[in-house]
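Below you'll find the structures, each written out as structure tokens.
Both of the next two complexes hold subunit A, though its partner changes from subunit B to subunit C.
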Partner chain A sequence: MRPSLHYDVVVLGAGVAGLTAAAKVAEGGARVCVLAKGVGSTHLAPGTLDVLGYTPERVEVPADALPAFVAGRPDHPYALLGVDAISPALDWFAGRIERGPHPGYRYVGNLKRNLLLPTAVGAARPSALVPETMAGGDLRAERPVCVVGLRPLRDFHASLCAANIARLGVEARAVELRLDMDRSEVNALGLARGFDDPVFRRDFVSRLAPQLDGDERVGMPAVLGLRDPHGAWADLEDRLGRPVFEIPTLPPSVPGIRVFDALHAALRAAGGRLVMGSRVAEGEREGTRVTALRSETAGRETYFGARAVVLATGGFASGALALGSDWVVRETVLDLPVRGVPAPGSPRFGAHYFGEQPMARVGVAVDATLRAEGAENVFVAGAALPGAEPWREGSGEGISLTSGHRAAELVLASDGLAAAA
Partner chain B sequence: MTEVLHELLRGSLDHCVKCTICETACPVSNVTPLFPGPKYAGPQAERYRVGDEPSVEWSVDYCSGCGICTQVCPQGVKIAEINAQARRKLKQQNGVPLRDRLIARPTVIGRLGTPTARLANASLRSRPLRIAVERVIGIHRDAALPGFARRSFRSWARRHSSPATGRRVVYFHNCGTQYYEPDVGKKTVAVLEHNGYQVEIPKQDCCGLPLQSNGLFDDARKYVLKAARVLAPYARDGALVVGNATSCTLMLKREAREILGLEDDPDLKLVSERTYDVCELLLELHDRGELKTDFHPVDEVVAYHAPCQQQGHGIGKPALELLALVPGLEVRELDAHCCGIAGTYGIKREKYDIAMAAGADLFDQIHASQAGLVACDSETCRWQIEHATQKTSVHPLELLHRAYRLPEPTG
Partner chain C sequence: MATLSTDVLVIGGGATGASVVWDAALRGLHVVLADRADLVEGTSGRFHGLLHSGGRYVVKDPRAAEECIVENRILREVAADCIEDTGGLFVTTPFDDPAYADRFAQGCRDTGVDCEEVAPAEALRDEPLLNPRISRAFRVPDANIDPWKMVWAMARGAHERSGARILPYHAAVDVHRRGEEVTGARLRDVRTGEELDVEARVTVNATGAWAGKVADMAGIEGVHVIPGRGIMLAMNHRLVDTVVNRCQMPTDGDIIVPIRTVCVIGTTDVHTDDPDDQTVAQEEVDALLDDGERLVPGFRRARALRVWTGVRPLFEDAKEDVRSTRDVTRAHTLLDHAERDGVGGFVTITGGKLTTCRLMAEETVDAVCRHLGESRPCTTTTERLPGSETGEYYHLGERLGRREDNLRNDELMCECELITRGKFEEALRRRGTDNLGDFRRTLRLGMGPCQGGFCIYRATGIMHGIDGMTAEQANEVLLSFLQERWKGVRPILYGDQLRQARLDDWIFQGVLDVGHLKQ
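Entry: the complex of A and B
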């Protein structure tokens, strides 16, 4: 007897793309199982949904900039997905957050206007859809900013953040508060647990309030709670009598964990399953279809049978793509053909870290319906898609979300599934 | 341990990119400053644990060994396994307290307790005695300790004969079933037989997991190899190995091979490949359309908690999918990571409070779920849940047994 379980759809990867695809497919009535090697990008990313930030000029109105952007880049994921696919995906996501496990917590924004939010070092980040708890940080508003540093939290330097905000033309200064935490090293998660506690918040406010001036708004590292972030944020605004906003931190990202929790909750509510710590070693094929995935479960292998597969395993950083010393790029799970590998003799990497990096545009070769080349029931979503430079474009989350959402629609409409669901 | 395997586990630390994802999931480091977290104690501190030189880092004793860090690591670092070996090194260096030597041997305790169950259980309920035990041995006075059954599972199994069907499984019933919850074992056998399995129940001992998690690797190897010698002949004969304690089956499937370095033992390898958690087996049966689904309605709201070590199997949550087949049963999935107990961790005097704090999210979710019952696959987790929430906790199999309307077990 071969250890096996059968699902309508198996999704590989538990980042934004994978969880979005899985939850939406499950909502469509299919039996879904997500297999993930580990937790994905959510816990590392700031939790904002950046659709298009730079073309390379900074984008004010994504809806206006997108048509020309994709016209000039026919190989870009947005060109493949169609600009019209973005808004429905944003709406779907915002809806899952509102129905999610954090009462009152919601996202604001749309393609009509990018918000301009400060990063942890006070640089401006153009973002289309953001947690309401961050929206008050929009640097297009002139209201002065007081950045509050929390002393036990390493890697968040309020004075650096404030100085850089000031360079962008918004009056800003920093205040450092030493919080009495019972350990030497506190990360964002430990502080978030603190801010979930009303007593902790009251003490915090009583120490911060006397140090605030005039009509300053308060920028804080994004640690305002994991259980009830809306409640914590609203409570602070209420007690301080002024706008409060979160600034994304270095990992672990509390707003990112909230995204994971909300999408996982949507998946479970629709009857989908998530298996964490499951390394998929290869796919089993019948002709041009992948019929099962071999996962290295404890003690032996288990085969997860599937009518359709969504590959949302990411790019080089997650190990989904690997570059050999022979300059051959491999897709490591299903050994699918890739696209975009720089031709011999042409530049593979650039000297500037944030500049053009041709090798990073490599992805799994897909057709216009996101199907992997040579595997008709494998749909590709997220950073596994070729053609994007998310770090230059400010487009990573938008691509992940939109492609995950679109992949789900295509899966549900595909041959093997329409009958099953 | 084989050096090659140790180097493989150790080598995985080079994949650590310090992303902190393990820290977000660690039940222990999130509630106590005594454990700085899996990343710090694991991939970081491991670089300073050199060969036979004394360990320079002591906090790893506060790691509970739940294994969640390895499950969530996106880079494939064997964090929990590295920490289990570091803990062993620390214990070798500093000595293992009598208490840990005792609680790591459930069969020894069971053999003493079961024949004198009435007296032993009365003692467990005696406050002055528990305070004395805490002072002398170091088992926390409030820790959840199960009551001994009057008759062991074995004494029933010896007289039980399973109808010959040709579809054989060999049942690894674990110490919890043997000495504390024989009815869970009888129900497991009944459900398997109801589904056409012929259940063999050989005389058996502990799988060695408690010894391993208390750093007593040599003794743990003896126990797990003894279990492998008992089970392997059945497996060689075509039978699957089935267990109802997800920690013990994980020990057989993977942990003994990886952590104790027994990768090459042929008996253990065979047993490991053929071992099933009982819910895993039944779900695969259902997947093939062969599970009996003559379930009667069970009018009950049940909260389900998947134990950490159940999650370590990498098979999802089969119990949830099985319980969903029972009409009338409303199952609420809990997503808190850990109940805190981690086998013997939470009963230790110095760790009891940490374990209770680590489980607080789960206990809150249980109360919020308004469920009357909590289903959970691991016995120590069930005892911890009952202790902390005052709610009855059952193995998912017990609910299936009820839904099949199989006869209640007798002596």
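Entry: the complex of A and C
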């Protein structure tokens, strides 16, 4: 294999973990390239940074709950990363959003309290760090809620959302506005483009305002702009004269796309590069080091030389881990050893959908410095790490961000790079 | 307590019970149909979807084969809208006894099953994914049949023709006996707990694998139905477009049936004591995947969508010692309890298969008429079901074709199965049910590759929005659907379908957090 492009660090995967690791490594002065098969977790996730939501009891104060949580789970990514690594990662992230491509857009919250944000079904989801455009939905506040549905958007049903919010003790009702849009535009992305447009917003407000009562706050599907979400949100609050907040919908996630755009911008600002549509087919090794990666992009092969690699390819959802019909788990990109596979004969998945799922905890075997077993210059971050059940814990984004951030620190301090610098 | 009086009460809303109701309604009888669950929720909705040509039985059970081909031709005529004319192939793979092919061809000639031998190359041209090492191939008139569509057409038709009352979710809790006469049954609405006494001149026990239990309620002894449990596996593509059978004595995992957007491989066969046993053993799944590989090399790399269990009702002749349920006759059994037990007004029909449901119904309603002392001729061989009036077969592009007409003015709520919001709302009004499983069966909602990942939130939201449902009810609907779905996917989560399941988790547990809805 003859590398045609040389980088200090090649990051595999463009989710929160990969983009965070890449941007931070680039900010540290290393030459970085991100190779990604396609867009990933950002476009699916709600766009909040949930650090720890359930243990399985609902967590009110993550800072208080985390030490006991990791003490009981020595194999959990947070135990590996150290609880103290979380806060700096959140700060780093919030900073990148503020410097990002969306003027004025920012995240609010911290580990001292979880916000309880309504989901599109009206459940209260605990999140530590959230877009300002969602924070007004915090259900610990008693202010009544009016949930606004936008027909014919399929992926948000205001009546059910409001009815479940009401069951939580917050007065809530639903109104539905029928939008006069071309059907091809009636999806989260089309609506977001609409809300970027002041004329669209003015029309929308003129139809909604007469239907609002008292001091209701307004909950809407999370489609308030991709280009200028802060401007769109602030404009709606201003025109309606009341708080407005976004509620995440089914994928594609508009707030998640904003996260992707902001982290991508941070990467580029630091001189890093992202190559989309490049599936890594193979890693070349010299002893215990992976020295180059062969990717298949647009029908041809490209070789990327690397001193260090960050594997942030995700878990089963992305295809980075695969369970075969022979019931063997493989790491599909670099064929690294995995950890946590349920023993033969013991259940791979629990009998109850919302119960424990042992297979969800499988990940790439790593040491205390996130290095993959048997590959000393490959650092693992995000959902590829073993030991967590992100959905049940409400911890996925927190793990991705913290491990991506931590991986960058470890990469920058590692021998290969320190020597290069 | 509410009471109802009718000519005929049919207990069991599978293909057999519905056929009896349709047949009786056409003969001018007033009928009530009751099932403890939704119609077609039992065995009839849990098979592979094969409309038999009879080919499977030509060597082993020629009588069953003869019945199948006759009924196959009739159903094609009267229930065309429920049938996709895929045709069928019997192929000799390297794993099959090559001598069986000649016995098969002879058996077809003897039983009247249409059969044409074709060159293996021709079969492979039609079905390129088939094992290239097949040595013989025969075409037969197998097809697929949609049991939900057929049963609901029968139920609707019976209601239109003679006011039949269709009562899903009504369990028979007692069969009334007055001396040596069965006079009806007490039903309980399992959703509300309300009870209803149905007084019937004749009661038909069409409960298949559960027939022994209903016979017990009537105080009739010795009705032994052995439930033969088999698993079926749906793959997310039509790996074949023709029904493909291995040309050998019928055994496990030797048939793949393309139906709607999927194909189904079946089946296994395990004797069980409990017809409600829905166990899916890992070894059975592994064995079916191996069987799939033999017919379609690479089968294991395809996505398995869902696995389920069906129980065959196989009537036992009490004198014989039965070890394998596959050796019990596939033919049906009609028990006229007046003749058998001296108890009037009660008939049990069990055994058989979906392909012969019309014949079973004809014989049953003939017996009913004898009980009533009336002579009413059967017309189900020529009377077309509602929806099948034109005699045109269902074809795969039908939904897409209909979708083309309203592309711009109706929301698509299920991309996998092309279900529009309008269609869903119409079904919601017609069925008056709040069970998403009912829509799964009626519309195929959530049956496609994403197994409800996207449409189920939408469906719940729509139901809540237009149906005056409480949030508690809507949540229950959503959560029970997710748990029911989990049962069907858990044993086959591997490869890309595991990825799909994780994406669905992302939606339901991540974005929506439905697992933490307030109880």
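Simple rule for what comes next: the second predicted complex is superposed on the first by the 412 of 421 C-alpha atoms of A that agree within 3 Å, B and C clash if a C-alpha of one lies under 4 Å from a C-alpha of the other, contacts with A are read in each partner's own complex, and residues count from 1 in each chain.
Following the convention adopted for this analysis, contacts are C-beta pairs under 8 Å (C-beta built on N, C-alpha and C of every residue); 3 or more make two chains touch, one makes a residue touch a chain.
Here the structure is a predicted model, which is why all the values come from computation and not from measurement.
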{"item": "Room on subunit A for both subunit B and subunit C (clash or fit)", "value": "fit"}
{"item": "Winner by number of subunit A residues touched, once subunit B and subunit C are compared", "value": "C"}
{"item": "Which of subunit B and subunit C A:A322 touches, first, second, both or neither", "value": "second"}
{"item": "Touched partner set for A:A163, first subunit B, second subunit C, both or neither", "value": "second"}
{"item": "Subunit B versus subunit C as contact partner of A:S295, first or second or both or neither", "value": "first"}
{"item": "Partner chain(s) touched by A:G122 [first = subunit B, second = subunit C, both, neither]", "value": "second"}
{"item": "Partner chain in contact with A:G190 - subunit B first, subunit C second, else both or neither", "value": "first"}
{"item": "Touched partner set for A:T20, first subunit B, second subunit C, both or neither", "value": "neither"}
{"item": "Subunit B versus subunit C as contact partner of A:R279, first or second or both or neither", "value": "first"}
{"item": "Superposed arrangement, angle subtended at the Cα centre of subunit A by subunit B and subunit C, nearest 10 degrees", "value": "90"}
{"item": "Which superposed partner A:P251 touches (first subunit B, second subunit C, both, neither)", "value": "both"}
{"item": "Contacts of A:L44 with subunit B and subunit C, given as first, second, both or neither", "value": "both"}
{"item": "After superposition on chain A, the shortest CA separation from subunit B to subunit C (Å)", "value": "6"}
{"item": "Shared contact residues on subunit A - subunit B and subunit C", "value": "44, 183, 251, 318-319"}
{"item": "Contact set on subunit A toward subunit B in their complex", "value": "1, 3-6, 33, 37-40, 43-44, 182-185, 187, 189-190, 193, 251-252, 257, 264-265, 268, 273-279, 295-300, 302, 318-319"}
{"item": "Interface residues, subunit C side, partner subunit A - complex", "value": "289, 300-301, 304, 407-409, 411-413, 421, 454, 457-458, 460-462, 464-465, 470-472, 474-475, 478, 482-483, 485-486, 490, 493-496, 498-499, 502-503, 505-507, 509-518"}
{"item": "Residues of subunit A that touch subunit C when the two form their complex", "value": "44-46, 54, 58, 119-125, 152, 154-161, 163-164, 166-168, 176, 183, 186, 248-251, 253, 315-319, 322-325, 327, 348-349, 351-354, 359, 390-392, 394, 396"}
{"item": "Subunit B - residues contacting subunit A, complex", "value": "19-21, 23-25, 30, 33, 36, 40, 70-76, 240, 250, 252-254, 272-275, 283-284, 287, 311-317, 320-321, 333, 335"}
